[in-house]
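These are the structures in question, set out in turn.
Next, two complexes with chain A in common: one pairs it with chain B, the other with chain C.
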Partner chain A sequence: MFDNQPEHSIGGTGADRAALSAAGLHKAYGATVALEHADISLVAGKVHALLGENGAGKSTLVRILTGAVAPDAGGMMLNGKPYAPHSLLDARTRKVATAFQELSLIPNLSVAQNLLLPNLPRAFASMVSTRRTLEAGAEILARHGLDRIDPAAEVGRLALADRQRIEITRAIDNAGQVLILDEPTASLAETDWLFDQIRKATQRGVAVLYISHRLAEVREICTEATVLRNGTTIASVDLGDASDGDIFEMMVGRKFAHQRKPRVMRSASGEAARLAVMDLCGHDLQDMSFELRPGEILGVAALEGQGQQELFRMLVGIERPHSGRIEVDGAPVKFSGPRDALKIGSGIAYLPEERKTEGIFSGLSAATNVVLPVMGQAARGILISHGREISVAQAAADRVEMNPRYLSFPIGDLSGGNQQKALIARTLATGAQTLLLFDPSRGVDVGTKQSIYAAIRAFADDGGAVLFYSSELPEIVQLADRCLALYGGRITRRFKGAEITEQSLVAAMLGHVTPEITEGVLA
Partner chain B sequence: MTATSKTAPPETGFTQNGDTRGSARVTRETVSTVSVAILCVMLLLSARLINPALGSWSQVETVLVLGFFLVVLSFGQGVVILTGGLDLSLPATITMGGILATSWVGAGNPGEWYLLPGVLVACGLVGLATSAGVIWLRVPPFIMSMAMSIIVASGLLGYTRGTPRGAAPDAAVVLMKSHVFGLPTPVVALVIFAIAGWLFQSRTVYGRYLYAVGTNVDAARNAGVPVTLIRILPYVISAVCAGFVGIALVGYSNGATLRMGDDYLLPSIAAVVIGGSSILGGRGTFLGTVGGALLLTILGTIISALGLEFGLRTIIEGSIILFALLVLREELFQKLRSFGR
Partner chain C sequence: MTEVQLQQPAFHDSRPGLVTRLLTGAGLIVMVYVLLYVLYAVQQPKALTSYSIAALINNTAPLALAAAGQAIIVISRGFDLSVAGVISICNVVLAVYPLEGPGGAAVSVLICLAIGAAVGVMNGYLVAVLKLQSIAATLATMIICQGIALVILKAPGGSVAEWISYEMTDRLWGVIPVSGLVLSAVLLIWMVLRRTSFGISLYAIGADESAAALSGINTTRVRLLAHVVAGCAYGLAGFMLSAQTATGNPSAGTPLLMLTFAAVALGGTSLSGGRGGIFATMAGAATLTLLQKVLFSAGIASFYTGMFQGAVLILAVVFSAFLVRLGDRK
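After this line comes the complex of A and B, so read on.
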């Protein structure tokens, strides 16, 4: 199960030769050691997965491989030659290209310009040729099956998923030797296009490093995997020989409880709905009606851009509906914003989609981040007491199993998983009885996911109501009591309890309204 | 070179790999506040070498009295900068406070107990207009406050027909010229103001919301922070502080001029930046700003004691802002943290 690469002979050829290998990589940022001792070896024509919890050092390893940062110790070899890139461009000239998780596109430039930079085609007097840039951009898009995207479109105006596709396309186009994909499916709802592109690249002999939290995906496309934990390579394994349990254990150092916990819904039809939505229209939404009862966890399943963002944003007053009614605890309401939503009735707390740009305050402590909506609770008189701030935050942090040690750290210094826990803790700390969670476990590791699920279940068991959207179907299957499938701004199907299976959800998300089809899939 | 993958042996593989990584706790705010304070003391002591009279207690008192103006101003400026704005209307609002105090209130006016607060309210309305332009009309802060500055200054020119008249209100004179506990009143006021301002900024709910809004407006809105209210107040606070300084300046020099605020714009920004705040908002402490304001005042006193040109003083202040912006970049703090390991 532990795959030690055979020593390769100098100048040797063949599939077993490591295209890119790194040994003993170490990197510290000040006193924070991000990477302790990492080894990895990529083989030409193969897809290699990099697995690890949030904060395991995956991102730092990627940054070293791409030349964005230099390691403090350790060395790398590319096709038998020493490899020490000093910048992203330097790595690219050695034909090592990366698609970053935090997209590296320039939003105010066109798709074509982004694809071709920094080498835009020249015309007269070495001025940039707009026409030839567009032609070359269109050609690259066509080669990667993205003809539907206009090469002249401004990148910032594209949907997030298309921006990610552009980021990936650019990396694949530049990757002659090694292609690094950091969470390439974070915003993609389906993987067919991506996997086609990866297979084309491996056929050319490109070595691919694939970083994802989604194990099912990893198993589909990758043949081997390296597991990082706490900045150290734990093992490199052949994925065919390792079970999910093995990998989970390597990632977190403990066994994984597989069972979906059956939940008895406390809710009864006699109780008024916490949140009732009637004929809501506006932006892309059409005639959306549903109810959310106390003690209920309601999932929203949808491909990207089917109106789920608008729905959540309308329910907290960031966007205004054109028509329709929203009722909280039986009374019609109009929100002027999330603050209003917190105060009306039993309260609605909102977890936004993008952790970094819409959620955290990086310079403030994790404790302040948690208690911010209810800052007054941390104050004695008019002054905030540090002790009380920590204790209020800790009460919420405990519910998501967040280590209280992190509360006094600036939240920007914490790993993505802990940041997400803090944000979930924030919604719990508000005391609101209804939570709107948009992708509550976005980009976090399996261990953190389980803590977040447990917190959501506990909240609902205590009579709270939860509406959540997830980009990951297993999450909806594990968590939701009921589920709405959205397609094109409409609810296409409603599911209950055991009806919620990945197959039936997929059919509904693709827009199949008739139940026969989903039952066909199930059978 | 054998650069193949070296994997840990299975028996020690994933059982004995505790998280040994940690993080040092040196914040840039602490570093800059302490270093600015040390710089102040060093400057005062070295000034003694130039001229023995410079480091004396009475000289320290003078510095603190003069520093009082800048500390109050840079509190307002600091609150605006904390939310990601910039207030360029300070000179005009200082002048407005001063001119209204002399010509509208004047010496020996029995109504000064309500007229002087009225002056502050008038200045606050100027700040409110700036806020409105920044928040609802979405004019960039430096343009909006600059425009307000020009409007107010021109209005004052018309109001006074070029020659401000009147003397300082009695309360302003008392504030600047009297003594409490054997110390000049402005020195005591400075200490109280510094402590109150620090508590306000770092320990009140409103202060905490200022940091949140300055760090990320969208995230603040999502978290349920009353963003609009938080963003309105800083310019009002800044304008009221400036108006108050205008009144105090009138009490100090017993008269107003149309250009009395001009020399305070650059120092008010410099004090905030030297004190370790981010010019982009979301970071900084008021104690650092107080240190920055005192440092600039000491420098000004030394420059004038040395008989240097006034122009030199602004050159030095400009250079200090640039220098502080260069030195206070994040890399320096990364280095300091690695020393602290």
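After this line comes the complex of A and C, so read on.
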């Protein structure tokens, strides 16, 4: 029925003011329908948000708009002319440029070369002029308020946040008509610079498509939003008229309570701590001491790079502390690695930070990914039984509300949210009684988040202990029974129950050491 | 003024220090080479005469040229086994169809370049267009080329044109070795090439092919061209090898195959792509050849050479990895 829509409906009523409009876009990869029926219309000089859960089809829509893939059905118009880019470069010549979430910078080239590719200024004999490349690069950087970055610096040596800024700068510089920003704040601590650049672009009359999970940001910079669900455009709304609840409802089809859910903690004082850390030092960490008891969810709040990575990696034996003690179930331990950590005492399972590089094995099925640490359970004799693999994985997948039909798919083909669910299912499947979760809901949508939170709570209710770090404060507020704030490798403050509020966490994360460390250094 | 001063430190942090750059790039292998040469000169006082320098460079040229081609492929994150096949074909063609005189030599060079380019186009088509894994695709072309070489010349024999075998191993004005000039010319071409869009793209696709494609680089074209350029280098290597041996052998290229990878690795070119260069690779090749000479003049039987070459390779790779890690720590 969608195919019968008349052509003139493209752009709708505002055909004259729509810079880029798409109607009835459809895209399937084999049997998987990535995009069912998407419509979107961007207005020149306005910032338009694209919202949706992971797997809703946002990435596919972006790929179509940028010319990376061609739609199976549907059409696009750019300033009243048909628009069907057959490559990224083609889209760029039509002045549609994109800053990708998984940055598209080349690590071993200089900042200037990255900014100017593929058209580097020439000197004689078709050689590239280094001087003019640097000059042009410096000029672009200066124009976007990044003159502190050296145009000759190798991109791979820059901090992640600067790399993201370069990616965004390059897109803005190439975007004469349409600018697409896919999760532009994933690695940026603050949005001031980004929003300044976006405002400058919109003043030039550029239409901006802004994709982000962070609704507060979206509200700050965007005026309109299109919500995708299951590959279909649910609605395009004026953000001024829609409450957060409305938007969540459109995204997931049900309303969420976002308040903190009070949990009845098991009386833990009598039991030995599952995990106790005493005076842990090394790799930027100083005098780290805390305890994690059965039935407890302990949050770690910190800005990027305050020692949280090192802490988690030390607790599973990937890195070694210089001094201090780690005790599991009351006995001092020394880990040689994550495999060892799983076996010691009641077991510690670790969810690493980088899903793509440290987590999934993209060619293997989701079920295999889940049962990997406990392959023995899925074996008959020495052979792995596919049926048992599925049934073992199934049990864990149920705990994170993962749709069982995904289990036999290669995990690389699943959405980010489902990959993350599978990884959490993996930590649960190990049977370990202590989970170390590093940013468990990194880059996943609201619905998946709630499933993950429910799984973590259920695990703790059954007597499990959870230590988690999150880059999102609301997550800590919702989930943690207690919380440690880290700054510069030290615990600056400890919070308990109702003390955990976003405001107090922010202060502690910025290093405001307060004299209220009531728990003492050693519990 | 104050702003400028504030910006300065940030600029410097982003580049590695001079010492690290010297030791991790070509500097390390050149130092190893110089040390080895001192050792050689101590053993053989004649080592410093222009005759033995020329002989050494003559011996080095085939491997250095073959390794230079290999380095281009490795920089773009690939492997090329066809190097052995191309050298073998060139060698047997020059031995079976000798063309005398300078004109004949010029035609011979062109034939070798054409053979290399043709195999390169085939490799490029398989790897860049059909997206086959380079190691599998070039293994196939290598086997085909070896077969062709056997068809042209069944057993070792034939003889290369005298003009080639004499002039290409000679010295100009009794001092400058011709093979050295060939190597310098190739280096010069590379220095221009690496500063063209093609050169920059080569490093880009080696580091991250999908990012390179997203940056608007035509990765298919660059990869195809890389195989053609590498093929020409192999062809030239085959030509210089023929000048050296003066005879034909259908498996002439085989001993060079693994040594090209050793030279690339010795030169500090990362086998995972995106880093390295031709000069360092040639220095790596020169070191492997010089090592042979040093061992020979020390009276060590030639079957031990391989063991020493392997050990030097391991040491160089371990040492450069250690230096890189040291650089990252800072």
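Operating definition for what follows: the second predicted complex is superposed on the first by the 465 of 523 C-alpha atoms of A that agree within 3 Å, B and C clash if a C-alpha of one lies under 4 Å from a C-alpha of the other, contacts with A are read in each partner's own complex, and residues count from 1 in each chain.
To be clear about the criterion, a contact is a pair of C-beta atoms (placed from the backbone, for glycine too) under 8 Å apart; a residue touches a chain by one contact, two chains touch by 3 or more.
Just so it is clear, the model here is predicted, and its values are computed rather than measured.
By the touch criterion defined above, A:M250 reaches chain B but does not reach chain C. By the document's definition of touching, of the two partners only chain C reaches A:R157; chain B does not. When both complexes are overlaid on chain A, the residue A:T130 reaches chain C alone and has no touch with chain B. Of the two partner chains placed by superposition, A:C281 touches none, neither chain B nor chain C. Once the two complexes are overlaid on the shared chain, A:R92 sits against chain C while remaining clear of chain B.
By the touch criterion defined above, A:F100 reaches chain C but does not reach chain B. Legend: residue contacts after superposition of the two complexes on their common chain; A:N114 is shown touching chain C, with no touch to chain B.
Touched residues of chain A were counted for both chain B and chain C, and B has more of them.
In the three-chain superposition model, chain A touches chain B and chain C at no common residue.
Across the interface of their complex, chain A is touched by residues 7, 10-11, 14-16, 192, 195-197, 199-201, 203-204, 206-208, 210-218, 274-275 of chain C. Across the complex, chain A meets chain C through its residues 88-89, 92, 100, 103-109, 113-114, 117-120, 125-128, 130, 147-150, 152-154, 156-158. Residues 1-8, 10, 13-15, 17-25, 27, 199, 203-205, 208-209, 211-212, 215-216, 218-227, 282-283, 334-335, 337-338, 340-341 of chain B are the ones touching chain A in the complex. Residues of chain A touching chain B in their complex: 1-8, 18, 21-24, 28-34, 36, 39-41, 75-77, 82, 226-227, 229-236, 249-250, 253, 316, 318, 337-339, 341-342, 349-350, 352, 357-364, 368, 372-373, 375-376, 379, 382-384, 408-410, 413, 426, 430.
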